[in-house]
Amino acid sequence: MIDSFVRKDSGIPGLDELLEGGFPYPSVILVAGSAGTGKTTFAQRFLFAGAEKGQQGLYFTTLSEPTQWMLRFATRFSFVNRDYFGDQIVYVDLGTAIRDAAPAEILSAIDDKIAEVMPERIVIDPITVIDVPLGESYRSFLFDLCNRLKNWKAVTLLTGEVPPQELYPPEVAYSVDGIVLLHNSDEGDGRRKYLEVLKMRGTNHVTGKHSIEITSEEGIVVLKSQF
Amino acid sequence: MIDSFVRKDSGIPGLDELLEGGFPYPSVILVAGSAGTGKTTFAQRFLFAGAEKGQQGLYFTTLSEPTQWMLRFATRFSFVNRDYFGDQIVYVDLGTAIRDAAPAEILSAIDDKIAEVMPERIVIDPITVIDVPLGESYRSFLFDLCNRLKNWKAVTLLTGEVPPQELYPPEVAYSVDGIVLLHNSDEGDGRRKYLEVLKMRGTNHVTGKHSIEITSEEGIVVLKSQF
Amino acid sequence: MIDSFVRKDSGIPGLDELLEGGFPYPSVILVAGSAGTGKTTFAQRFLFAGAEKGQQGLYFTTLSEPTQWMLRFATRFSFVNRDYFGDQIVYVDLGTAIRDAAPAEILSAIDDKIAEVMPERIVIDPITVIDVPLGESYRSFLFDLCNRLKNWKAVTLLTGEVPPQELYPPEVAYSVDGIVLLHNSDEGDGRRKYLEVLKMRGTNHVTGKHSIEITSEEGIVVLKSQF
Amino acid sequence: MIDSFVRKDSGIPGLDELLEGGFPYPSVILVAGSAGTGKTTFAQRFLFAGAEKGQQGLYFTTLSEPTQWMLRFATRFSFVNRDYFGDQIVYVDLGTAIRDAAPAEILSAIDDKIAEVMPERIVIDPITVIDVPLGESYRSFLFDLCNRLKNWKAVTLLTGEVPPQELYPPEVAYSVDGIVLLHNSDEGDGRRKYLEVLKMRGTNHVTGKHSIEITSEEGIVVLKSQF
Amino acid sequence: MIDSFVRKDSGIPGLDELLEGGFPYPSVILVAGSAGTGKTTFAQRFLFAGAEKGQQGLYFTTLSEPTQWMLRFATRFSFVNRDYFGDQIVYVDLGTAIRDAAPAEILSAIDDKIAEVMPERIVIDPITVIDVPLGESYRSFLFDLCNRLKNWKAVTLLTGEVPPQELYPPEVAYSVDGIVLLHNSDEGDGRRKYLEVLKMRGTNHVTGKHSIEITSEEGIVVLKSQF
Amino acid sequence: MIDSFVRKDSGIPGLDELLEGGFPYPSVILVAGSAGTGKTTFAQRFLFAGAEKGQQGLYFTTLSEPTQWMLRFATRFSFVNRDYFGDQIVYVDLGTAIRDAAPAEILSAIDDKIAEVMPERIVIDPITVIDVPLGESYRSFLFDLCNRLKNWKAVTLLTGEVPPQELYPPEVAYSVDGIVLLHNSDEGDGRRKYLEVLKMRGTNHVTGKHSIEITSEEGIVVLKSQF
């Protein structure tokens, strides 16, 4: 017999109310959107929300970007507490492995790191960049990755960058337990940003687009009035 | 001489009335929709509706997802009676076979399992994920699979995930006896969900989109008023 | 000197009036539409209309579907007289030949069967499924097939399944003598079905979309009032 | 010094008035449209208009269709005088050459036939079917073909079948001297047919879509009132 | 120190006013449009405008079309003075070189001819046909060609034919100094023709679509009132 | 500990106010737009704004265009002070390297030049042309290039030319720290130009499209009133 769901709060004000309290724990969640929609901010807010509660975080970047470079931009947000970095939020560069290693080795590297850190919250940001080095193995890698992640007691956020007009990367959508869309919509009198929970297994989530704001304090805030 | 149709109820309240009583028995039915439209819930409701009547079920997953993981999310729905699982609804992971075996061997594995379990209701969920490992053999595999399934005395539901804006996966549509579409439509003031019976051989089915609700009790409910 | 046209009635009430009496005899006609538009019903109605008049029919299926399976669904329609089957309407499974034989052999198999049965009405249903096994030879096979069929004294209906939004399969359109489209149109308040004669050589056919109904008695009925 | 243009009448009532009297002589003209727009009727009317004036015609079919088959359908039109066929309008099947011969040989076969018949009017119907057997050589074949045809003192009509929604086959458009489009437009209350002269070198042609009718007497008639 | 721009008039009445007096000299300009928009007429008017002022012209055709064939159609326009042809406007057929020579040899042939003729105005018409024989080398050939042309003291017009609905051929757009679009727009009550200067380096050009007329006297005339 | 952001002014009047003062320093910024939207002018204005303040600039062109050719067109703008060229703004032709060298060598050449010049502002214009010579290596080259550039203390602008209707080149978007779009919008009564900051890491940038003007004095000016 399995108890009713444990959930992890997202850290995004207003989002957990759409999700019956947060992301199912464990689960694998896709956060998808085009350039500039706030995917990385979303993922970082999620990790820091955990760190504030003493939950171990693990942040895989696929961009080969130095920690300092990433932190420079992140510190615009007041939720980013640099003291958490390195210890409570372990930052790992997957870029080199992705370029040089075989898919099975990359999966092992990810597994090994998770086993070492034992995080409750994991981010892989962005997952979609992996299609360049992996080529034909990309889709089966995503499939295997999601299955591996389901063996761990953690909520994993995969961020996925899509071209404008695409909603989400279809090649990973069927393997994840939840999909959160970040929209950047051109409405004539300016771009508006929206968040939408498209899918969340085991959750009676609120549907439809919700206006969001990017703020220095919280990163992303879901506004009350639904569009 | 063949008698008039035996039908299997879908388990979805309101759907059987659109289908002259249910799915033709035997038949192969495609349930298609984009991410988050409720395909898996549809398929599970169908299996449990059978189990409640003592009809043997067989649930093939192509996602290599552990039973416990799937059940965790399914138990949100009150129709999911865990006691049925393992015995009245046999759960089989096709993921490993799909990755490592040749198409003919996968077909044999499916056939062997059906012969062993002798189900009246079969689900393969999702069928569309098979295109990754099978590649060029994907379409002929689907063709052969549907023909094999037609040799058994069962209603088989194949779930098919399509990108947003696509109605159904065309490469399997001509081989199935029925197609049920699940729509997730962005209508400005929110997403609405619809169900539509696009094709049902031997059945004078009701056409057009029907509003559906996702509920904790029944999974999916077809609302009376048609859109 | 060739006399004025002999025509074969379609069996579809209301259609022959659009066609100056029926399909030119001999001719090769494409019946195209997406899933669930009634292509198979159209083709079967055509064969039974002939059988009722004592005209020999020949029904090639490319789906490897057993006769009984097909008949089960067909018998929903009261025009389907099972006594005609086997003798006046010969049912041939092309599925095996298509998978294992070279294009030239498939053409010979079709020719041989036609020579044996000497039908006045032929159906190949659906023709579009052949692209899977034939691959690159698909288009030249269609070209050769149509030319072979023109050597016989018969009206041949080729059914062609297209993805939604496509009108007809262009790779066969230029080789046929007539094209009948079956539309399944989403008009907000429900799907409507239409039939349209797009092309009919030697015939001053009525143009435009015509509403059709699927009925248990006749299969397909063209309604009088044009859209 | 070249005199002002000699022109060949099209045979289509109402069209020559849009063309300053007819097609430039010599020239290569593309007649493009989707299935059922009347391309073959256009081309045949053009040949018979010449035959009536004693101008030699040459009709290449790429469809491997027997003369009798084509004539059967053509004789629906009263302009088709079967006596002209064989002598004043030579009918040549290119289908076999296209399948079995190299591009250079096909060009030679066409050239040889033109040299033998010395036509003032040539039709190749349809040109677009050649892409199947020629594959990668298709576009350079079209290029060479048009250049070869420009060496002859004749008006050549190439008919080109395009999928619905495409205006003309772009791979031949830059090599021809004129383009006539045949539209088959779905306007809600029925399909309307239009003819449009998109390009005609050396000619101050009338632009825009013109309604046409298919009639048994003339084949195609351009109606006076412009759309 | 470079003086303020020398410009070459286009020869098109009304166009130079949009261009601060004409095309920058030297420069490479793309004139793009679909079939029948007047690209060749534009290019010829440009050459004859130069010839009238004693400026040497060089006209490369890629169509392998004999001079007489081209002239026949051009002489419809009263600006075409045949006396200029051969001497003040040298006409060169690139067709053979393009088919048989390597890209580097074609570039050398163009360079050699320019060095021999020393033109102030060059036309290559149409440039887009080169993709057929060059295949994969097409884009790098365009890149090299534009760079070679920038070594000469001339205004070069490249005409580019695009399918309907495309604005310009993107594979050459970044290498040219200016882009002039010729639109052939279907506006329900007929096709209208427009000219638009999309890009002109070093020039504060007038933007937006301008109605044009095709006239026998001038070829193309830009009308005053802007759309 | 990293101090709050240093920023580099863009040189574009009105833009820095949208960017909390300018581009983050260091950072890699993509400036994307279709032909004729002002990408090169944007990049040049940025370099000259630095030169005016004594900040070293480095301008990589991928077009193999001679300095004099580029300068000729640039000097239309009064902000272009030719005295800065060669010394304070070093101009480097990458064209030859891109054609002949391996990706790793091109990256080294760029790195070496940056190490030699030690610029605070770098431009690579346009980056999108590199896909021709690099082919399959293009995307991983972009990925590596961006990572290399992040090792330097400079703001780098990459200009990206996209076909009309595309917003930005997706293959580089995830690797850059900021994206500025230049729109060239057809609004019936003429083309309007807009600038939009789609993404700017570490910056609470103003969103939405802003009208811009091309002026001889400043190159590009962002108008106050937002669209």
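Here the chain labels run A, B, C, D, E and F in written order, and each chain numbers its own residues starting at 1.
In this section, a contact is a pair of C-beta atoms (placed from the backbone, for glycine too) under 8 Å apart; a residue touches a chain by one contact, two chains touch by 3 or more.
A quick note: this is a predicted structure, and the numbers were derived from the prediction, not measured.
Asker: Counting one step per pair of touching chains, how far is subunit E from subunit D at the shortest?
Answerer: 1
Asker: Tell me which chain's centre, taken as the mean of its C-alpha atoms, is farthest from subunit F.
Answerer: Using the mean of the C-alpha atoms as each chain's centre, the farthest one from subunit F is C.
Asker: For the two copies subunit A and subunit F, what rotation in degrees overlays their C-alpha atoms? Round to the nearest 5.
Answerer: The rotation relating subunit A to subunit F comes to 60 degrees.
Asker: Answer with same or different: of all residue numbers used at the interface between subunit C and subunit D, are over half used by both copies?
Answerer: Answer different: the two copies use largely distinct residue numbers here.
Asker: Let me have the rounded angstrom distance from the C-alpha centre of subunit B over to the C-alpha centre of subunit E, please.
Answerer: Between these chains, centre-to-centre, one finds 60 Å.
Asker: Which whole number of Å gives the spacing of the CA centres of subunit A and subunit B?
Answerer: Measuring from centre to centre gives 30 Å for this pair.
Asker: Measuring centre to centre with CA averages, how many angstrom lie between subunit A and subunit C?
Answerer: 52
Asker: Touching at least two other chains at once: which residues of subunit A meet that condition?
Answerer: In subunit A, no residue touches at least two other chains, as defined above.
Asker: Looking at which chains touch which, would you call it a line, ring, star, complete or other?
Answerer: Contact pattern: a closed ring, each chain touching exactly two others.
Asker: For subunit D, which residues count as touching subunit E in their complex?
Answerer: 1-2, 5, 24, 139-140, 143, 147, 150, 167-168, 170-171, 173-175, 177, 179, 196, 198-204, 207-209, 226-227
Asker: Would you pull the subunit B residues touching subunit A in the complex into a rising list?
Answerer: 35-36, 63-66, 68-69, 71-76, 82, 95, 99, 126, 128-129, 132-133, 161, 163-164, 184, 186, 188-191, 193, 214, 216
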